[in-house]
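First chain A sits with chain B, and in the next complex the same chain sits with chain C.
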Partner chain A sequence: MINYVIRRIAYALPILIGINIITFVLFFVVNTPDDMARMQLGQKRITQEAIDKWKSERGYDKPVLWNSQASAGQKISDTIFFQNSIKLFLFDFGQSDSGRDIGYDIRQRMWPSLAITFPSLILGLISYITFALTLAFFRGSYIDVWGVVMCVIMMSISSMFYIIGGQFVIGKLFNLVPISGYDTGFDAIKFVALPVIVGLIGGIGSSTRWYRTIFLEEMNKDFVRTARAKGLSEKTVLYRHVLRNGLIPILTGVVVVLPLLFIGSLVTESFFAVPGLGSYTIDAISNQDFAIVRSMVYLGSVLYIIGLILTDISYTIADPRIRLE
Partner chain B sequence: MLSAGCNFSPWNNPYPDSQSHGNIYYDSFEERPKHLDPVSSYSSNEYVFLGQIYEPPLQYHFLKRPYELVPLTATSVPEAEYYDNAGNPLDADAPAELVHHAVYRITIKPGILYQPHPAFARDKKGNYLFHDLPLRDLEKIHTLADFPETGTRELIAEDYVYQIKRLAHPGVHSPIAGLMSKYISGLEELTAALANEYKNNKHHFLDLRKHQLSGVRILDRYTFEITLKEKYPQIRYWLSMYFFSPMPWEADYFYSQPGMKEKNIVLDWYPVGTGPYMLTENNPNRRMVLERNPNFRGELYPAEGEPEDAANNLLQDAGQTMPFIDTVIFSLERETIPAWNKFLQGYYDTSGIASDSFDQAVQFNTLGQAELTEQMQDKGIRLSMAVMSSTSYMGFNMRDDVVGGDSERARLLRRAISIAVDYEEFISIFTNGRGVPAQGPIPPGLFGYIEGSDGINPYVYTWRNGRAERRSVTEAQQLMIDAGYPEGRDVRTGQSLILYLDTSAAGPDAKAVFDWLRKQFSKLGINLVIRATDYNRFQEKMLKGTEQIFMWGWNADYPDPENFLFLLYGPHAKVGMNGENAANYGNEEFDELFNHMRNMSNGPERQAILDKMIEIARRDAPWIWGLHPVAFSLHHSWFRNAKRNLMANNTLKYIRIDPETRNKLRAQWNQPVFWPLILILVILLISIIPAWFSYKRRERSPAL
Partner chain C sequence: MPVIFITDALIFVLVFMVCLFIWYSRRHEHLCIPWRQVGENPLAMATSVVLLFYIAAGLLDSIHFHPRLDDENQEEIKYSTNILSVLDVLTEKLRSRVEKTYSAPFATHAYAKEMIDQPDGTRIRDYPRLNYGGSHLNDPDKDIVPDILTKTIIGIVMGIMIWLVLSAMIIFSLSRIRRSDIKTEFRCIIRGRDQIPGKIPWHVILITLGCIIIGITTLVYLSGFYHVLGTDKVGQDVLYQSLKSVRTGLLIGTLTTLIMLPFAIALGIMAGYFSGWIDDVIQYLYTTLNSIPGVLLIAAAILMLEVYMTNHAGDFTSIEQRADMRLLFLCMILGIMSWTGLCRLLRGETLKLREIDYVQAARAFGTGHITIMLRHILPNVMHIVMISIVLDFSGLVLVEAVLAYISIGVDPTMASWGNMINSARLEMAREPIVWWSLSAAFMFMLGLVLSANLFADAVRDAFDPRIRTIPAS
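Our next item is the complex of A and B:
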C-alpha cells in the first residue's frame, strides 16, 4: 500500500503543476498586473508611477511566463509564474498582495470553516442515512412515494432559499438563534446551529435519494434474499446486511470530501458572516488578490488529491476483496 | 441552542450576555479594510476605523453647514503666508501667478498623549522594551495584545513631519504621493533619495528622521511649517485627512522589526493614534473592536450648529466631554439581508437602507416626501437624510468622433441626449427616490452650488411652477434635427445613429438599467448598444479612450468646488495623463478659469468665475449631469446625536447610546417562539405512528 501511495503522490505532482499553470494563465488573462495594482492602491488619484512602483515591489513587473530578455535559465526563472509558483510547492504561501501573511490567515480561518462543515457532515450522514433507510424499508408504499416526491421538491430548491428562509424563520421569526455571526469556543455553538441546520435541510433531498438508491440496490441482491430466506427479521436484514454493504459507496463518497471540509463553503460563510476559508477565497477573487487565489486553488487541489488517496485506502478497509498494488 | 438557553439575554442575541448593559455602540461593516496605515488608506470603509484613532491637525465641525474646518490637534486653522520670488510677503488674496511659495504654520496643542502601545514601553533606564526584539521573543506573540507592557508619550510636531515624509516612502505606496509632490517643496527629491536607500535595504527600518524634507520644518516641539511650491488653499482640507495624521517614529520602528510581518503585526493593521478610540481587536474577518483610549485628552461637544439643531436635540450634550461611548463593535456582515434583520432586532444601532428593504422602511407621503413606514415608527426608529457630496453622471468621451469634440453638431447631439435621458425617472425607478437631479458638477451644500431658478441647467431644464422641469422630448428632437440627425438618422449617410455605452455593470439590476437607457435613447431614434465588459477591461478602455459613453461618479475629498471642477480640467484628462477627467474634456477658457478659481478664497469673485465655468460646461455638455445621491440612514430610539456629516469620519465620539432602553427593547422584540418546535416534534411523532404500525404489520406478514 505504501508503494501505491508514493506512486499516487508522484502522479499528483504534474497534476498540481498543471493546475498551477491553468490558474495562473486564467487569472492573468482576466487581470493584468496593472489591474491588480489599481485594485490594491484604490481608484482615486493613482498615477502610473505608483502602479509601476507597486508592481516592482511585488515582482509583477516581470514577464508573465517567458523572459526573452534574460539569459539561459533565467528566461523561465525570472518570470512572475516561476517566482510565484516555486515556493507554493513547499507550502510557503508568502504574502498576499495587500501585504498579509497568507499561511497565517489560512491557519486562522480554517477552524471556523471546519466548525460548520464537520457537524454538517456528521449530522447530515446520520439523518440522510436514517431517512434513506426508512424510505428503502417502506419501498413502494405511500411513505416511499411521498418521501421521494418531497426529496425531489427539496433538491429542486436553491440553497440560497434555504439560507435566507432559515435566517428569516429561525433567526428572525422565532428568535431562536442569531441570524449571522461567529464566535469562538462554546459561544460558537449558537452561531453554528443555524448554518448547520440549513445545510442539513438543504442536503436532505439529494443525499436521501442517492442513499435510498444505494440501499434499494443492496436490497435486491442475492445475499439479502438469502438472509430473508433464513428467516431473519427485516430489522436485522436492514441493519446488518443492507446498511453495512450500502455504507461502502457512501463511505468512499464521504472520505473524498473530508480534506475539503477545511476549505469551507463560499455561499454559507458569506451569508452567515463566518470568517472561514470560503469567504477568504471569495474576498480574494473580488479583490483580485492573485497570491491568495493561487494559494487557495493550490490548497484545494492538494486536499482533493489527498481525499482521493484516502478514498482508495478506505476501499481496502471497507471491502476486503480490494487490494492496492 | 443549549448554550444560548443558558443566557439571560434573548436567544438570538449575537453578543455575549456580559455586554448587555455596556455602553457599547454596535455597527457592521461589509468589506474588510485593505489598509489601516493612514498614509496609504484612501477608502471610506477604512476611514470608519481610522477616523476614530488618528488625529490630523484639523477636522470638520460636526454640526455646522456648509462644512467648516475647525482645529483638532492644532490650536487654530492655519492661514497661508504667501511670498514672491524675492521672498517678500504678499497679501492673502495675491494672484496665484505672483506667489512663489506659500507657508502654513501649524501649532499643535501640548499635552496630547498617544494610546497605550508596546512601541512606547520602556524599562526603568529608559530603553525601549520591545525594540530590537530577537526572533525567539516573538514566538509567543500573535497579536499586539500579547505584548505584556505598553507605554505612551506626548504628541509632538515631529510626528506630523515624520508622517509627511512617509508620503515619499517607497514601501508604503501613498495614493497622494504624486499629487503632494507637485505642491510640497522637496517631496519629489525626498522620494528619489528614499527610493535609492530602500532599494538596498528593503527589509529594514528606513529611518526618515535622518532625511531632510526641505518643505516641511520643525520650528519647536509643538510647531511645524509646510512650504508649498505655489498657492494651494485646498491644502487645509488635506490637513483634515488621515494622510496627515501624526506617526511616531517608535511605532514605525517597532513594526519594522524582523518577524513582525510574518505574524501580520504591521502598521497597516495595528494603528497607533491619539484619538478617542484605539483598536483593541483587529479581526477583519469577523469583527473590529474599538475601545476608549484611556490617554485621550477629552474634547468638548460643540455648543453651536445649524438653527434647527437645537430643536432636533442635537445640542443637548453641548459642552460635555467626549467620547460618550466606551466601546465600538463593528461586526462583519457581507450580505445586506442579515444585517438589515439584525438592525430590526436591535442588534445594530444604525443601518443604511438597501433597495431590498427600502419599501419595508420608507414610504412617500402625498407631498412626495420620504417618511418611515408604520412598522419602523412603531419601533421608534428614526430616519436621517443628507444629500451626498458626490455626483453620479454619464459621460461622453470627448475624443470620440461622433459624440465628442468641439463641433456644434456634436454639442447639439450631446444636449439632445441630456434632455432625453430622464434622470428624474431614473431616480424614481432605480434609487427609490434617493437622489437629486444634478444641474451641474457641483453637489448641493458646496460653495458654488446655486439653489432655485438661478441654479438650473437651462440647456436641459426650464423653471416652471416654482421648480425645475425637464425640457420636452420635442425640444430634444429639434436639437437632433439641428445637429443633422433627424429621427436619429445621419443626414450625411442616411444611416441610423448607433451609439455605444461601455460599462462594467452586470446582473439583473444592471439589465433593467440598460433596458431603461435604450428606451431613453430611442426617444431620439438612437440605437444604444451596451458594451458590457469586466471592470478591468472597462478601465483599460477608459485609459485608452476607446469608449464612447460611460457611467462614472466622484465622491468629494473635501467640500470645495475645485474638487469637482477638476474632473473637467483639460490637463487632468484620463487619456495620456491618467487623470480624473474621465470624459477627456478640454476647453481652454474653462481651463484658464479653473486655474484662476482653484486658488481663490470663497467669495463673490470666486462665485462669478464658478458661474462662468459651469455655464461653459453646461453648454458643451461633456456629461449628462446625472444625480447627486441622497443618503438615507436609520437609527434606533436609543441612539442620540444623529446628524449625518458626510465630510467627517471621526463622528463616533459625538454619539451617545442609552444601553438600558436598548436592552429593554431588545428583550421585548426578541422573545423566543417555541411553539413551532413543539409543533414540528408533534408532526414527526404523528407521522411515525402509521409508519410504526406499517412496520409491525410487515414484520408479522408471511414471506412471499
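Our next item is the complex of A and C:
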C-alpha cells in the first residue's frame, strides 16, 4: 500500500513535467513574447522599442531555451524556459504581468473560494444521495418516474439560468440576501448562501439521476437478492447493501474534486463577485494577463493530480477486488 | 457563389458518416434490434422529430454562399462580399427588418423614449413607433390584441392544413410500403397502435409533427408583422438570432465528439486491458491532458488563439471565416478534454471487466487479445460510449453558454445562445427588465438539450446490454 502511494507520487512527477511543457509550449512557443506584447500594447504601428520595454519589464526578453551569449552556467538558467517554467515547477509563481505577487494573491484568494465550494459539495452530496436513494426506493412508481422527469428537465437547463434566476428571485424579488459581494468573518454567510443554494439546485438534475442509476444497478445485483432472500428488511438492504456499495463510485468521483475546491468555480465567483481564485482567473483572462493564467493552469493541474492519487488510494480502500499493485 | 467553411465541410462529412452507419446497421440484425427498440419508444420518436427540425435548421445554415448582386447594367456577374446561408435567405424578413434598439415581443413602440417631431411642429418625448413591428396598425393600443388573435388563428389554420397534407402523404406512403389499403392504415394510426410488426408509434410522430408545424407556421406568419420574440440591443430580431444559434450549438455538440471518439475508445480499452507499460503510457497521456482543468485549458488556448489571430489578421478574408476558425479550434480543445474523460471511464470499466469470469475464461481458452477486446470488452463498454456521446452532446451545448460568459467561447460576432445570454445578462438591471432575449435563448436551448437528453435515454435503454431484452418474435 505505502509502496503504491510512493509509486503514485513518483508517477506524478513526469505528469507535472508534461503539464509544464504543455503550458510552456502554449504560452511561449505557439506565440512568441513579441506577439503577446503586440497584442497587449495595441494592434498596429507599434515600435520595436515599446515591445522590448514590455518584454524586459516582465523578463520575457531572454532567449527561449538556450542563451548562447551568457557565461557557462547561465546558458541554461538565463532563459525564458528556466526563469518561468522551472520556477513555476517549484511553486514560485513570480509576478503577474501587472506587477503583483501571484503567490500572495493565491494564498489570499483561495479561502473565499473554499467558503463556497466546500459547503456546496457537502450539502450537495447529502441531498443528492438522499434524493437518489428515495427515487431508487420507489423505483417504478409515479414518484420515481416524475422524479426522473424533473431531473432530466433540470439538467437540460444551463447553469447560467440558475445563477441569473437565483439572483433575480432570491436577491432581487425577495431581497433575502445581497445579490453579490463578499465579506470576511461571520458576515460571509449571507453572501455565501446564495451561491451555495444556486450551486446546489443547479446540480440536482444530473447528480441525482446519476446516483439513482448507480443505486439501481446495485439493486439488481445478486447479493441484494440474497440479502432480501435471507429475510433482511428493505431498510437494511437499502442502507447496508445498496447504499454502501453505491457509495464507492460516488465517493471516488468526489475525491478527485476535493483539492480542486480551492480553485473555486469561475462562473459562480465572477457572477457573485466573490474575491476567490475563480474570479481571479476570469479577471486575468479578460485582462489577458498571461502570467496569472499560466500559474492557475499549473496550480489547477497540481491539485487535480493530488485528487487522482487520493482517488486511487480510496479505490483500494473501498473495493478490495481492485488490484493495483 | 458558394463558400465552404471548414466546419460546413465537417458537418457534411458527419452527415455522410451517419448515413453510412445507418446503411451498415440495416445489414446487421444485431444492430437493427436496439434501433428498432428506440423506434418503438414513443418519447424517443417524439424527441427525434424535434431534433430533426433543429438539425434541418442547422444544415440549412451550413450552406453558405456569396449572394449575386442585382446589377443589370453590367455584363459580368458580380458577387456581394457578404456571406449568407440558405437559412438567411429563408428568413430574409427577419434578418432585414432591423429596429433601432430593444423592443419587447409583439411591441409596437420602442423600448426607450426619444424626441419625436409632431406633425404640428412641436417635439415631445415619448416612445416612438417601431419601423416594422406592428407598423400596419393604425391605432396600436386598440387594434393590437384582435390583430394578434386573428393572425394567430390564420397561422394555426395554415399549419393544420400543411400538417394534414403531410400526414396524408405519410399515411399514403406507409400504405404503399406495407401494401395495405389506406383505410386500415389510417385506422391503425388513429387507434394509436399498429397491428403490423415493427410498431413505430406513428400517432406520436404525427402529433409531434403537427405541434411543431403549427408552431412554426404561426411564428412565421406572425413574424411577418411583429417581432415575435422582440429585438435586441442593436434592433436585431431575437427569433432570427435564436435560429442562427442552432447551428453553433449543434456544431459544438457533434464535431467535438467526431474528433475525440476514435482515440477515446481505442486507448481507453487498451489501457484497461493490457495494464503494464501500455497502461502507464496511455494513463500518462490522458492524465497530463486531463489534469489541466478544462476551463483553464480552454482559456489558455483561446487566449493564445486570439494572440495568433490579431497578429495574423491578414490570413482571414472575412469575419465569418475568422469566427469559423475559432469555432473549429474550440471544438478541438473541447474534444481533447472530453476525450480524456471517456477514456478514463472506459479504462476503469475495462479494469473491472477483465477480472470477470467470462474474460478470464476467454483468456484460458487461448483467445487472442484483440479478439477479447473486440468481442468481450467492447460490446460491454459500448453502452458507456453511446451514453457518453449523447450525454456529451447536451453537455457541450450547455458548456458553450458558460464559455461565452467567460468570453472564451465562440467568436462574439457569431450567433450563439451563449452570446445571447451573455449580452442579455447585462440588461437584467434595467427597468423594465429586458427578459425576452434571455427567455428566447432559454427556450431554444431547453428544447434542444431536453430532446437530446430524452433521446439519449432511449438510446441508452436500448443499447445497455444489461437492460436490453431481445423481443420474442
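Assume the second predicted complex is superposed on the first by the 282 of 325 C-alpha atoms of A that agree within 3 Å, B and C clash if a C-alpha of one lies under 4 Å from a C-alpha of the other, contacts with A are read in each partner's own complex, and residues count from 1 in each chain.
Rule of thumb we're sticking to: a contact is a pair of C-beta atoms (placed from the backbone, for glycine too) under 8 Å apart; a residue touches a chain by one contact, two chains touch by 3 or more.
Keep in mind it's a predicted model, so treat the numbers as computed, not measured.
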Which of chain B and chain C A:K53 touches, first, second, both or neither: first
Contacts of A:I263 with chain B and chain C, given as first, second, both or neither: second
Which superposed partner A:I143 touches (first chain B, second chain C, both, neither): first
Partner chain(s) touched by A:I189 [first = chain B, second = chain C, both, neither]: first
First (chain B), second (chain C), both or neither touched by A:P320: neither
Chain B versus chain C as contact partner of A:I164, first or second or both or neither: both
Greater residue coverage of chain A in the superposed arrangement, chain B or chain C: B
Partner chain(s) touched by A:R38 [first = chain B, second = chain C, both, neither]: both
Set intersection of chain A contacts, chain C complex versus chain B complex: 30-31, 35, 38, 164, 167-168, 270, 288
Complex contacts: residues of chain A adjacent to chain C: 11, 14-15, 18-19, 22-23, 26-27, 30-31, 35-36, 38-39, 43, 152-153, 155-161, 164, 167-168, 217, 220, 260, 263, 266-267, 270, 281-282, 285-286, 288, 290, 293-294, 296-297, 300-302, 304-305, 308, 321-323
List of chain C residues in touch with chain A within their complex: 280, 284, 287-293, 295-297, 299-301, 303-304, 306-308, 310-311, 351-352, 355, 394, 398, 401-402, 405-408, 417-418, 421, 425, 428, 438, 442, 445-446, 449-450, 453-454, 457, 466
Footprint of chain B on chain A - complex, ascending: 30-32, 35, 38, 40-42, 44-50, 53-54, 57, 95, 98-101, 104-105, 108-109, 112, 134, 137-138, 141, 143, 164, 167-168, 171-183, 186-187, 189-191, 193, 228-229, 233-235, 270-273, 275, 279-280, 283, 287-288
Chain B - residues contacting chain A, complex: 1-4, 10-14, 16, 32, 34-35, 40, 42-43, 170-171, 173, 175-179, 261-264, 266, 268-269, 283, 285-286, 331-335, 337-339, 341-342, 344-345, 347, 534, 536, 539-540, 557, 578, 580, 670-674, 676-677, 691, 694-695, 698-699, 703
